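What follows is a structure written as structure tokens; I'll ask about it next.
Lettered A, B, C, D and E in written order, each chain numbered from 1.
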Amino acid sequence: MMIARVIGNVWATRKEENLNGLKLLIVQPIDSNNQPIRHELVVADRIGAGVDDEVLVTSGGSTRYIFASTPLPIDAVVIGIIDSKEVRGE
Amino acid sequence: MMIARVIGNVWATRKEENLNGLKLLIVQPIDSNNQPIRHELVVADRIGAGVDDEVLVTSGGSTRYIFASTPLPIDAVVIGIIDSKEVRGE
Amino acid sequence: MMIARVIGNVWATRKEENLNGLKLLIVQPIDSNNQPIRHELVVADRIGAGVDDEVLVTSGGSTRYIFASTPLPIDAVVIGIIDSKEVRGE
Amino acid sequence: MMIARVIGNVWATRKEENLNGLKLLIVQPIDSNNQPIRHELVVADRIGAGVDDEVLVTSGGSTRYIFASTPLPIDAVVIGIIDSKEVRGE
Amino acid sequence: MMIARVIGNVWATRKEENLNGLKLLIVQPIDSNNQPIRHELVVADRIGAGVDDEVLVTSGGSTRYIFASTPLPIDAVVIGIIDSKEVRGE
């Protein structure tokens, strides 16, 4: 999984029907020193994360079952809002 | 998922039979400042995106069920045409 | 999916039994200006692509069902031989 | 799979229900000379790894069945704690 | 798939039970000119590859069914030992 910062929202009216009602956030992956790593990506969210929240993101095939029994065409999802992290040497 | 700009089309007559009729677009992933990130890729599209459209792309295993009950040999698909995006600090 | 140029072949006698008879090609992914991107990879091919052909490659889990009902241990496959591509501004 | 060094922990109270009780570690992938490669990531662990342990990590779709019969929305998991590694020329 | 050179072994006594008896090799992906590309990774092997062998590696979800009917938590496996490769212009 990745740690990421929520930096914005994206809207798309013309989209796959089974994605209606799904909230889409733009996130920037960060490392344990809060430095940006990798590239921005868009994630689906049902936990209620908002801009500036630090979230835990799962990517890939494991995400498609999270909202429904039939697989959704998504590849990244928020699985948690981070309370705290602790790294050795801090 | 990724935000990407549609930059072109690709055609292949000799291809897997179950891909006949599928529209294939060339897209360039971009970030929330519309700067190019990652590498170009080819995506399948049934939403009707055209050149210069900003689209939302899903990659990986989640894409194979989108067009048919039997899995298609594809790994990237357009799931929406973006209306707008909003990023903090704008 | 990726656009790639076929640059060679690879042979392996000692291999997983269910891969016998499968043609393995070495390809170099390219962008719409035919410049090399990413890294070389090996793909399975049953469409009959040859050296110098421009092909369309699918990667990941979607590829394992393409040759048989039981999943094959492969992660990249040729799904088409490209006739032409058109990119805006050309 | 990847070899990685455990460098910390992350906690998230507001998360997907079926992830409750799951231990989440921050790891830094390393090469056989113990040099950092790729980017930090978060992994699920039930083997009992701790900070500074060298672990073996599996990523992607293969991880979702490890803890339960129903697929979990995770994409990286500790599958072992490394005793030793041996590289040619050492 | 990737072409890789076997460079070492890794051992882990404390690991997922269904991985007992599985041989784990450290490999360095290479290109068709035998130059190192990407990053080292760990692969499962049942074909009998040894240090310095050139092997063909499959990654991702397609690998989990290779050793057993129930999915194993692995994401990279040796599918063949390479006899020879031929690249245009050689």
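Methods note: a residue touches a chain if its C-beta (ideal position, glycine included) is under 8 Å from a C-beta of that chain, and two chains touch if they have at least 3 such contacts.
This one's a predicted model, so the numbers in the text were calculated from it and none came from an experiment.
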Subunit E reached from subunit D - shortest hop count over touching chains: 1
Measuring centre to centre with CA averages, how many angstrom lie between subunit C and subunit E? 19
Cα centroid separation, subunit C vs subunit D, in Å, comes to 31
Taking each residue of subunit A in turn, which ones touch at least two of the other chains? 60-61, 63
Edges wherever two chains touch, nodes for the chains themselves; is that graph a line, a ring, a star, complete, or other here? ring
With touching defined as stated, please give the ring order of all chains, subunit A first and subunit B second. A, B, C, E, D
Could you list, by residue number, the parts of subunit C that touch subunit B in their complex? 1-3, 29, 31-32, 37-38, 47-48, 56, 58-63, 65-66, 77, 79-88
Subunit D contact footprint on subunit E (complex, rising order): 7-16, 19, 24, 26, 39-44, 51-52, 60-61, 63-64, 71-76
